[in-house]
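Okay, got some structures for you below.
Shared chain: chain A. Partners: chain B in the first complex, chain C in the second.
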Partner chain A sequence: MSSISQSSPFRTLASLRLTVVCLGFGMVLVFLGTLAQVNLGIHAVQARYFQSVFIFWSPPGAHWRIPILPGGYVLGTVLLLNLLAAHATRFQFSRKKVGIILLHFGVILLLVGQLLTGLFARETQMRIDEGQTLGYSEAPREIELAVIDGSDPNFDQVVSIPERLLARGGTIQNQTLPFTLRVRQFLPNSRLEMRSQDQQAPPSLATNGVGTSIIVSEIPRTVKDDERDMSAAFVEINSAQGSLGTWLVSNAVSESQPFTVNNHTYNLIMRQRRYYKQFALTLLHFAHDRYAGTDIPKNFSSRVHLTDLERGENREVLISMNDPLRYRGFTFYQAGFDKNDKTTILQVVRNPAMLLPYIACGLVALGLIIQFSMHLFGFVKKRNQ
Partner chain B sequence: MRVRKCINQYLWLLYHLPFRVGKPFFLGNGILPQKSATRGGGKQPKRLFARGLPPGCGPLDFSWLRQVVRSALKTFLVFRPAAISLLTAILLVSAGCGPGDDKITVYRIPKETQPTAPQESVADNSGAAPDVHWKAPSAWEEQPATGFRKGSFLVRGANGETADVSVISFPATAGGLLANVNRWRDQLKLAPISNEAEAGTPTKVDGHDMFFVDLVSEQPMSASGSKSRILGGIFPISGATWFFKMAGPDELVGSQRETFQAFLQSVQVAEGSAIPAPMSANIGGNNTNAPTPPPLEAPKSASLGYSLPAGWKEKPLSPMRLASFSAASPNGKEADVSVVSLPATAGGDLANVNRWRGQVKLPPIDEDTLAKSAQRIQANGHDYLMVDLVSDAPIDEQQGKQRILAAILDENGQAWFIKMTGEEATVDAQKSAFVDFLHGLKIP
Partner chain C sequence: MKPTRTLIVTWVIVAATLAYVLAPLFRHDRHGGFEMQKLGRIPVLLNGRIKPLDTVARTSLLIIHGKQTLRTEEGSLTPMDWLAEVLMKSQQANERKIFVMRNPETLTAVGLNAEAGKYFSFNDLFPHLQEIEQQAALSDKVDAQLRSAFQRDVLKLYERISLYHRLENSLEVAGTTDFKSQIDDLLKNIKPSPVPMQSGISSEALQSLGFLAETGYFFPIPPFPPNDDPLQWRKMGESLLVFLTDGKMHPAVRSWAAMTTAFAAKDSVTFNKALDDYLAQLQRDFPGRVWKAKVESVFNQLQLFYSAMVIYVLIFVLACGSWLAWPQTLGRYAFALLVVTFLVHSAGLVTRMYLEGRPPVTNLYSSAVFIGWAAVLLGILLERFFRNGIGSATAAMIGFVTLLIAHHLSMDGDTMEMMRAVLDTNGWLATHVVCVTLGYASTFLAGFLALTYIVRGAFTPSLDRSTAQSLTRMVYGIVCFATLFSFVGTILGGIWADQSWGRFWGWDPKENGALLIVLWNAIILHARWGGLVRQKGLMVLAVFGNVVTSWSWFGVNMLGIGLHSYGFMDSAFPWLIAFGASQLIFMLIGVLPSSVWRSQLEAVKRPTATQMVDVTA
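Entry: the complex of A and B
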């Protein structure tokens, strides 16, 4: 047993030197990540620098890439292991160390909580017009290709294909669909224009639907925080009878495009990815209060009606800026408004690890208080003697 | 050998833990492990909670925890290659956006009554746009609006040449001003520009920013050997960008320049969507968490004191107004009275008077004429400049001549405007009440 704790890899893992190295890398990471936001935007930086294993660099023009820095996940994991190992070798329980132990346990919890948040938290948005009822939220930066079978009079069957599968290309099939979809081209961000504007443009891949009269050109993905990509894809539909044609789909085109296979009509639409809920919200009224005589906003609030058939919930809720609605693990914050105060935008956050940072910070604070007051009382006692 | 040692460790734990749970397992034998006791300098073993612990319970002993952690680490070290690859695999998987991200999902939803499209519809074939209106010159031939086009016109030249006018709206910024101007430059085989300032001439139309663009190709573009030209107007309006464009042969488009500019000036944005969006408001909507500007113009109405003349009624406040009234005259018509305060002199008295003159279709005047025509009145200790403007002819067919009666006060870096607007007869009947109101007005 002692041989393990004295073995050299273990000692390295538990060493303070490793902690310092990790924290140093962390500082570099935060610094570089902050600089990179200029060119990449905050969302890409978060994914590439902090929610990643390594930071890669590829020489200009090259297709390969080399890891140059450990990413946020590696640093977090190493720090966690370092802290655990340090405790394993040096752990001794005594009354004097209660504060330090609590403090360290708080830091461990913070690290674990952040990892869980990175893995499982999801932020989406709900845009509801006054009087509208919505049972889903949308991911503002994620798209899906939805194939909707509306032949049943009571419900729509939706097959949702996520962006990653489209980006991968190739043939996509699903047992509920009597046909396959072949992604002929996927453009993460694109510009659409009417073909009539430029007669010399090369012919479109699309043979059916609205895509025949549209020219699509690829543009770099947006890095701005307040912009979203307009993705586009050319999708060929192949049934047992052969190819039905190629359609252009894009989240810039808000109408679905119908096609028929085996006397079933399907609708094809690319849109922001939807997450359906077991309940629905109806916006009764959005209020945008201003200070009297000025245009300065005083308060934003949404009066919504919550309907949950499964749980029999049927009530009105007022969501205002620091007073979100918490229901079934989701938190609905007032995030924005549109259409001259007739539309509310709610940020919908689902984070199973939501409580961990609070508990962790509480533990750290408690540990610090205990530690410092112990020192203080000891000092005062000594002086009084 | 190491593996066996490790397995033994686990077996030890498995064997001991249940027993320890049976007796409170975290409580040891009352004495701390020897190691820590000796560190105290060979003193008597320290007792934790020497007083006040329930009988039968020893002090806390966490050696079992140490045991657990050590065994875990030991396993990690023994199975290093396997453990590292497992850890890497977990990290790699987690580098994605969470579990189940690559999977196709199938679900059933109740029939959706109407397609709820959060963005502005681009492929909307409805033709006329809901928010933006324009007036096309009569010489232009209206074409059916198709696909992206909200409006489409054909302009015929003298020698059979034609130019195409299109009105298109894209949700959000459609790439921004520069990208769109470069797209047009590309259509004319012109080199792209990188400076946004060169992209277009900013002007105002109906109170909104508009970028006017005039581009001519350097080489002939058509079979007949003529150069091509594009005139464009780009409007970023509340979550959408509107493009007005005329494209065609240089001579024809050049001759239509004035007409096209008049066409741009005719564009009206319906009340309601009148929040001008920056060129990059692609997400759409306004953020309620955006920093609020400091309340420089915090409500001052609280300290505004006045007494209401007979026949005046308070009206709900609107932005800018500190007080708002309607003054009814015996003939049943109403005049509007407002009290507005702005920092400093808000452009000067002359600029404001000329703005009001414009409202009643009177030509602007200069400083001297203002000094001659305006009168000064003393009321409640303040020195007001008072102007009385009557339109030369009825402005609206249903109404008589319009009249503006206004008092301006510049005091302590703040300008105050008390203004009555209405039909001439109504304002005339209320003039004495207006002066009474000034006398009763307490300005903080």
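Entry: the complex of A and C
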């Protein structure tokens, strides 16, 4: 085997040796990725270990870094190529190999499915108070800067500036707005304090709005699952007449800040990025059942009303643990609760590749069962002879 | 030996085993003339589950005392004997030296004399309660994972004292001598009123009822009128407060009052009569609950897993002995014993499933029981095939170790807890959890079979070539089995996650642990198919499967992060490290050159490329 593989790179690509090496690296990666979660948190680990090309290491305090391990994308790709090459060279289709082919095809589907999920799935959240109706969900880890024109009584016209643009800085313009915005400073995570607490603080960049009475200091982005970054930005608004001043915006500030251009009032607010839906959910009741005489939760459920004018849907739905609502490509899961059981938190997921793992699981299970039962029967038959 | 004689001896062994297992049934607990066994069968509600008082007694004594029996100068007390005292005669119970304190730092810190031994009574601790409370409050402020050994210990001590205090005040205010006459007074003097203060009760009496309702540990009063809703069970104090407003005294309150007063007055006749009456009434109103409580208390009494654990040791010795002398006979005895013990183990498992109304694995404790069970079942199948004692010995070894682990896990209290919201789904517990646990069990079995190979090969001359080959087949077959179950189980877990929060794979530590097992089994199989390893190499790889599985089973829980972390188990950590290290040593022995092994195995030829392709087929 080794002499042939050395002679041809394709043979090496198809070799079982490469499979074993890849799986071994995979184990190291998964193990280190588990340990790293203690300090880094699950989101940073996913990005750095599993959804990456290489894992880098740098000595404490140094600015350079060296790749020490292949990341999830490299390993996944090599394994995929290895599998395809192996099937192209070694396996001819025969009844004896049905099991192996099925199960490897399942593994391929699984890898592809995870890649597609990583690329296309979107997880957002909906926080609905009892009695409230909501037609959008929010990204828990991404903010946007919204400029709202509320002059039409029937609807708001919203221009939303994504985090990416804010982080880049510079001047932002939009045809529908008679002014431009200049991002003077963007802080991905920050701490806000009242200026009255510390008279010595340096003057704020903000000249208008709540920002004048607030001190902002930058802090590292959070690694904890249950914490959100509090982003902040100083934005200067320039109309044809010149600068209107600089505002501080932050998702820690829940009120929008008004300003006027050409006798038109606009509102400025930084908030979690919103994804609007073509339908709305109203929370009728949130229930938090406990076991008798304990605080152990037995079930969480949200009774919601689904309204979809476009499709004429108008009905009640019960969303509970292990029993989500699936509607128009979105799935709504019971994820949490807040405000003394008066607010429900629904996880809203859109994943076009959702079905692939189900098919993959079936194929692999079938393949393994076929393969191993052939082994077993072969062995029993040999013994009985 | 003649075959008939072997047969007779086999049956004698089976009968003796059953006698040993069933013996506790014939012990009847009538401590001081009181029907303690019957008392233990009364159903009460605690932690969301209706269970016999006997279970409350056992788990509480285990938490406080660290053991299931209490040795005193007058002989040993059963958990129920002890609990009866705590509930109905607390002055005496307060004198019992039940609080085990092993950490000398704690003793010094709270001002106790370390030379007085390691057991202390409630009265011994009473003068130091303030100090203990302060130290516990300080420790409580520290993040759970950062606490020192002393901080954890003092916090645990505080929890145990508070558990004891709540137990004492479950039926009557601790120190009451005649609860019955108090109830009679209430019945005579109370004029029910929507405002309890205006019902004619003295303010002290009202206060003590409030205290009972607040402090009581379990819920002894069943719903009235009788129904199946566990939410309608009441604490003693709650039931009495309701009586002040509606004037209806629950019959169970009177029964309990009669029992407590008779017990305090050492009047066993009256006590037994009141107990019989109450049980008869429960039997009428709640036949289902009473039956389950009875099953559970008999199950407690039998301690099937403990008996099985003991017999597994004997089987291991017999099976290992069969490799030295009388292979046929000893092997046969070991196998017969293994089958019987497996039935005992299964009976325990099935009873737990019946009591919980759940699939076999619901928490770490039951996973240990199930891993042992599944490994023993596979071991029996292997033994049926190969008849060389290896299946029996390995199965017995794993059976013993897993039940020992389960025994230690049961120290934390009731092992049949209610399932938290997301886990409250029998469908997934029966599929994902069972598959993954079967994956653990089979990976362990392969690993222990490989250990047998290495130990016998390196340290004894008993590993001949045909045994070595059958061991190879066993390990290979079990690794295949392990791959199937761990793979399918892991993916089913992903599907469960997708069903309940929309994320197929989240890189959660426990998921990753399961994935590691799948990857490792896949590596073993591919390395074998690719001819990268031969017989000994296969064994060495299989032993590492033990390390991977124990990491996934226990190690990730010790990280204290993720969705599956069931609390930080610091006491198990050194054991896990020691186990991992021992496996690495065996692997090193495995890679030593054959010339230093005691068993001289003929070199097995490395398969050629064409053979290899044939193997993968």
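One rule holds in what follows: the second predicted complex is superposed on the first by the 356 of 385 C-alpha atoms of A that agree within 3 Å, B and C clash if a C-alpha of one lies under 4 Å from a C-alpha of the other, contacts with A are read in each partner's own complex, and residues count from 1 in each chain.
Note that in this section a residue touches a chain if its C-beta (ideal position, glycine included) is under 8 Å from a C-beta of that chain, and two chains touch if they have at least 3 such contacts.
Because the structure is a prediction, the values reported are computed rather than measured.
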Problem - Room on chain A for both chain B and chain C (clash or fit) - result: clash
Practice task
Check the residue A:309 against both partner chains and state whether it touches chain B (first), chain C (second), both, or neither.
Solution key: neither
Exercise for the section: In the overlay, answer first, second, both or neither for which of chain B and chain C A:159 touches. Expected result: first
Exercise for the section: Determine, under the contact definition given at the top, whether A:68 touches first (chain B), second (chain C), both, or neither. Expected result: neither
Completion exercise
Larger residue footprint on chain A, choosing between chain B and chain C, goes to B
Practice task
Would you check which partner chain A:132 touches, where first means chain B only, second means chain C only, and both and neither mean what they say?
Solution key: first
Practice task
Kindly classify A:167 by the partners it touches after superposition: chain B alone (first), chain C alone (second), both, or neither?
Solution key: neither
Exercise for the section: Check the residue A:331 against both partner chains and state whether it touches chain B (first), chain C (second), both, or neither. Expected result: second
Practice task
Could you look at A:296 and tell me whether it touches chain B, chain C, both or neither (first, second, both, neither)?
Solution key: both
Exercise for the section: Report for A:361: first if it touches chain B alone, second if chain C alone, otherwise both or neither. Expected result: second
Practice task
Pick one for A:321: touches chain B only (first), chain C only (second), both, or neither.
Solution key: both
Practice task
Have a look at 2-10, 200-208, 308-316 or 362-370 and say which bit of chain B overlaps chain C after the superposition.
Solution key: 308-316
Completion exercise
Shared chain A footprint, chain B vs chain C, residue numbers 1, 4, 290-294, 296-297, 300, 321, 335
Practice task
Write out the stretch or stretches of chain A touching chain C in their complex.
Solution key: 1, 4, 15-17, 19-20, 23-24, 26-27, 30-31, 33-35, 37-38, 42, 45-46, 50, 90, 96-97, 100, 110, 113-114, 117, 123, 290-294, 296-300, 321-322, 324, 331, 333, 335, 347, 349, 351, 354, 357-358, 360-361, 364-365, 368-369, 371-372, 375-376, 379, 383
Practice task
State the interface residues of chain C toward chain A in the complex, per the touch definition above.
Solution key: 45-49, 219, 230-233, 385, 417-418, 420-422, 424-425, 428, 473, 477, 480-481, 483-484, 487-488, 491-492, 494-495, 498-509, 512-513, 515-516, 519-520, 522-523, 526-527, 529-532, 548, 556, 559-562, 609, 612-613, 616-617
Exercise for the section: Give every residue of chain B touching chain A within the complex, in rising order. Expected result: 9, 32, 35-36, 46, 48, 60-62, 65-66, 69-70, 73-74, 77, 80, 87-88, 91-92, 94-95, 98-99, 101-112, 115-124, 146-149, 164, 166, 168, 170-175, 179, 183, 187, 238-239, 247, 272-275, 280-289, 292-293, 295, 297-301, 317, 319-322
Practice task
Provide the residue numbers of chain A that touch chain B in the complex, in ascending order.
Solution key: 1, 4-5, 7, 9-10, 13, 51-53, 71, 73-74, 77, 84-85, 87-88, 91-95, 115, 118-120, 122, 127, 132, 134-136, 138, 140, 150, 153-162, 164-165, 172, 174, 176, 191-194, 196-198, 210, 213-214, 219, 222, 224, 226-228, 251-256, 272, 276, 290-297, 300, 321, 334-340, 343, 345
